[in-house]
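One structure below.
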Amino acid sequence: MSRITVAIAGASGYTGGELLRLLLFHPHVEVTQVTSERLAGKFVHKAHPNLRKATSLRFCSLAELEPCDLLFLALPHGEAMHNIDAFMQKGRRIIDLSADFRLNDAAAYEKWYRTPHARPELLHKFIYGIPELHRQEMQQATHISSAGCNATATILALYPLFKNGLVEPERTVVEVKVGSSEGGNRASTASHHPERSGCVRSFMPAGHRHVAEMVQELDLGAPVHIHFSATSIDMVRGVLATCHVFPKSELTEKDLWKLYRREYGREPFIRIVKEKDGIYRYPEPKLLIGTNFCDIGFERDPHSNRLVIISAIDNLMKGAAGQAVQAFNLMHGFPENTGLEFPGLHPV
Amino acid sequence: MSRITVAIAGASGYTGGELLRLLLFHPHVEVTQVTSERLAGKFVHKAHPNLRKATSLRFCSLAELEPCDLLFLALPHGEAMHNIDAFMQKGRRIIDLSADFRLNDAAAYEKWYRTPHARPELLHKFIYGIPELHRQEMQQATHISSAGCNATATILALYPLFKNGLVEPERTVVEVKVGSSEGGNRASTASHHPERSGCVRSFMPAGHRHVAEMVQELDLGAPVHIHFSATSIDMVRGVLATCHVFPKSELTEKDLWKLYRREYGREPFIRIVKEKDGIYRYPEPKLLIGTNFCDIGFERDPHSNRLVIISAIDNLMKGAAGQAVQAFNLMHGFPENTGLEFPGLHPV
Amino acid sequence: MSRITVAIAGASGYTGGELLRLLLFHPHVEVTQVTSERLAGKFVHKAHPNLRKATSLRFCSLAELEPCDLLFLALPHGEAMHNIDAFMQKGRRIIDLSADFRLNDAAAYEKWYRTPHARPELLHKFIYGIPELHRQEMQQATHISSAGCNATATILALYPLFKNGLVEPERTVVEVKVGSSEGGNRASTASHHPERSGCVRSFMPAGHRHVAEMVQELDLGAPVHIHFSATSIDMVRGVLATCHVFPKSELTEKDLWKLYRREYGREPFIRIVKEKDGIYRYPEPKLLIGTNFCDIGFERDPHSNRLVIISAIDNLMKGAAGQAVQAFNLMHGFPENTGLEFPGLHPV
Amino acid sequence: MSRITVAIAGASGYTGGELLRLLLFHPHVEVTQVTSERLAGKFVHKAHPNLRKATSLRFCSLAELEPCDLLFLALPHGEAMHNIDAFMQKGRRIIDLSADFRLNDAAAYEKWYRTPHARPELLHKFIYGIPELHRQEMQQATHISSAGCNATATILALYPLFKNGLVEPERTVVEVKVGSSEGGNRASTASHHPERSGCVRSFMPAGHRHVAEMVQELDLGAPVHIHFSATSIDMVRGVLATCHVFPKSELTEKDLWKLYRREYGREPFIRIVKEKDGIYRYPEPKLLIGTNFCDIGFERDPHSNRLVIISAIDNLMKGAAGQAVQAFNLMHGFPENTGLEFPGLHPV
């Protein structure tokens, strides 16, 4: 079988590098081009030192991009939207890892991104990139927009409860703890090691844009709100979402097991993690770094009607490049975990 | 003026060591004895290497304890309660840093600690140890029970709102991010570096005992509940409490500034931290490590009626030894910050 | 082709877990049994949470071990030596990851391990486990003894210089910076997070046992000594060896490139890392965590005749399980990198 | 007694901030002005969040500087040298924390800094800033040049051996492990958290400029060379120097104790740290963060004639601001530890 030709626009960033790592080892893919304006002409290991000896590819500029079967866009937010026509001419299919085509509704862009969308008429063309929610559409899709990392962790944690209308839709509070790679590869005072090391920084206590995705995907009939905060901690990769929800009527531990098993029992990348003892009782990001897993666990508050749903992902994998490759596999009819078999490391 | 003679029972742990550090440099204190059964006869720097050259004290056993003006108890939970008569004979005054005398109500011990209290008739003798709430009682007190670290961070963040009846009493969700020193100095699999490093561990998603203190101190007329979770992160010292509250009617940013300034404007150890820009916009534990400060900030959710109140402390200082010394100063009529002037380090 | 049946004795530790991770995904291997006395009967993900969903294997006890094609021994030092007859009856071939059969000379055991070897007559049966030095012997071998992690990093860094007699044999100073996983999975005060986090601990300034291996492997005609120190830093996986050597006569940068390329240019797991600029100029452990690479770089001191040779490995991979699988592949005629293709993560 | 008026030129950096922290709490000092071109007009806590509530000082520009008793210069290297006349008009006494006046010999600047010195005729006016070596000169000095952090750690470790001619002068190898605050407060790719976190980066395997200071201060009759490498590790503050030296004739453990006690026994800021057991056997930076201590320990290699001398400092304290305040105290006849009593934290 001939390989699918793939290019990555914007391959010098962390998400682009992670995509490249996965695609270079994907058995059905040939990576033809990777772009970077800043590093055009240089070997990719200049930006991605882990790929030394794995490839002799060099970066090229966007202007040199040639047609390919599938084009991944890993550009800063805003660029895909403004150059989408040109990209559509290069890639028969497109998977965009930016936020540019995540929301179905142009009004939501204005509300959350405070700027009008450049191409609202194209929003409907893109399938929202969480396979567990949109698997069937993806199998037919030509255009997919990857989901935000914090949105992925939160939506997957809450979906079974919201889908089945089991919790009060307005009372959910979610707090994510995130690593520094979420901010990309540009140095700043905020990312300067003496300041960022050891920090527990409330970088977005309210107003995070990923809430728009959560509301869109969890609004299954009734309007919902997610009270969302994000805190940066001393970690490079990883998201832990702690979700506090209030069920409409009591849910026993058995009910919860049943619910999550029914929704996710056959999912290749979701693991229900809930142990009675030991130190791995709940999901933890470091145990799945480098993998495409989303681990989900839960606990009932013995003193109130609160449920705590906990989910963990690697923001560059299930929160970006890994989930994009999972979507790629679905689009092409490959087993969903092709190229995504790495099980993670322990200890790490 | 002659110095106040002070002894520390249980001085080999982290809280005891921190107390000793503070008291050795306190201008009105003479530390007469420090006990440790395990290390009796050894120099204190064997357990507290930072005190090398600061003192030539050695540990003695509890049995060797002699009378003193004030006895600090820094023993494992349960020991103070069972030996309180003996301790009361040694120390004219007592400050207990364990949980044994924190709750006013014996029934609360049974509910949260799942064991009856050994000496319920003594509970009323101990003043709960947060000076910002109990300053006047402390000035007359002979017995004080230090507050829990997570309880201190949460109560101080929420007190102005609850005291003034401004928020819905049942909807508050609090999540604390805590460091490894909260667990004490005993090694375990949970604290083993390859496992604990880089972790984001949901060690207590629900059921944390410190909630009992929060409920007691914030129940200012109407019953309250705090939906509380604690997550361990890769940090040694520090607590960051992120508190999600829902006001009964709108509170503007100006209202909040006014409220917190009115309650805390003259407090020596509370700083309101809320900047419009930069990387120090909200409280952060690492910026106050080693100090007795509780930094408090807030943010309003632009898309809902939620308020996020953020507070940071050093769990061994404002969360334990520092707050105990602050109480000690109040008991003896010293300026509250005596021996507590260290401003913290930056960067760190 | 039928799969090779493999068992791991002592599979609950970090090295055993890493072996298991590699072997479960090795295309020519069937893992038949993994032993742990402590966890017999439990699923392997109880000890290795990254392997959840990757296998349904359970631990068994050593007593239940059945014959297999190849038996990996990942037991504490001393156990292989004392039970080797029983193990030889179970495994037609053996790869031992402990130190028990690393040294060729029983006298060296007495010198460095301060105890006589239990079975000195078997020492010659085991090939020392660095493929870059013993590839041909391994292809015929039935018994291999894995090399120490610090020894591997140091020997690979220095081998080209010593093999060619280019440096003064007695002046070499090596300092390794190591992570906490080198100490295994047993908790202790030394590994307690509040103590171990942020530490730079001179845990073995002199007298490290791995020197015995270095001396054995680098003694290529003339006696050598390696002045070796090991310092623990705040890292879980990884070894960085900084080797200071003094050439007998000047070696230009070109000479060094030529030398290292000649020795290692075709090695699948050695990369020469030496860039003129950027932040990846020299080898760094975090860039190869999870991989079997040994990265090697060098620098000449402009103010003296010193050369600095720098090497980095993952102590659990090229320093233990990865190198053992590389040896396994050589023994069986598989491409050397079978099951070892993971390129590592960036950033991490 | 009236307070000494002090200003800090260049007070927005890490060294300037640390100086300010110390001087604000110094009983004999009044800080009159602190300069920053970038932050002129802003409160100092904008740059130094630990000083919130400790002072209401604002930054001013250099042009606004007024005369004072003593002027600290904490400017980038090169600025002191080029503006020294203007600074001498403002400060009756000067302590410069840059490298500009550290070396006595203009030729050494050309060799190590690769640029001619702007004011070679002034080099002799500045006393090199290590009090343990230059105490008497400091008591008379009007101008002091602070020592480099790596130089301080190395020189103090080696001085007793070199002063007494006990080691081979050309064979010493020193490797320092350093934190990220050494690089100052400017963000760069090298300091970007995802890259810098968890790193073990050979940032200066050879050619470090601080060697010029070591050679100057340790050259006590015979020329010496120090084979020096610096490695960045995941730490904010701290230097650990591991020094490998070769004695001319055997030195027993008793000899070493005697030697170091004789030289340093009365030093207020040097502690000899060498325990037989436990986890605090040798110096460790984290145990002295925030203090002015230099801890020194040693070990003899049982298999060769090597000695390992280990020293630890906080690079911003004994390696910069703390040592400068110690010098300030000496200049003014105050007890050497005035304002420097903080004992450090444990755990941390």
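Order of writing sets the chain letters: A, B, C and D. Residues in each chain are counted from 1.
In this section, contacts are C-beta pairs under 8 Å (C-beta built on N, C-alpha and C of every residue); 3 or more make two chains touch, one makes a residue touch a chain.
The model shown is predicted, which means the values in this text are computed figures rather than measured ones.
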item	value
Comparison of B-C and C-D by number of C-beta pairs in contact, larger one	C-D
Farthest chain (mean CA position) relative to subunit D	A
Centre distance in Å when subunit C and subunit D are each reduced to the mean of their C-alpha atoms	38
Computed distance of Cα centres, subunit C from subunit A, in Å	35
Whole-Å gap separating subunit B and subunit C, where each centre is the average of the chain's CA atoms	46
Residue list for subunit B, restricted to those that touch at least two other chains	14, 181, 185, 189, 194, 198, 234, 236, 278, 284, 347-348
Residue ranges of subunit C in contact with subunit A within the complex	14, 17-18, 21, 24-25, 45-46, 48-54, 181, 185, 236-237, 271, 273, 278, 280, 284, 287-291, 293, 341-348
Complex interface listing, subunit D residues touching subunit C	171, 173, 175, 177, 189-190, 194-195, 198-202, 205-207, 211, 225, 227, 229, 231, 233-235, 238, 240, 242, 244, 279, 281-286, 297, 299-304, 306, 308, 310, 312, 347-348
Contact footprint of subunit B on subunit C as seen in their complex	14, 179-181, 185-189, 191-194, 196-198, 234, 236
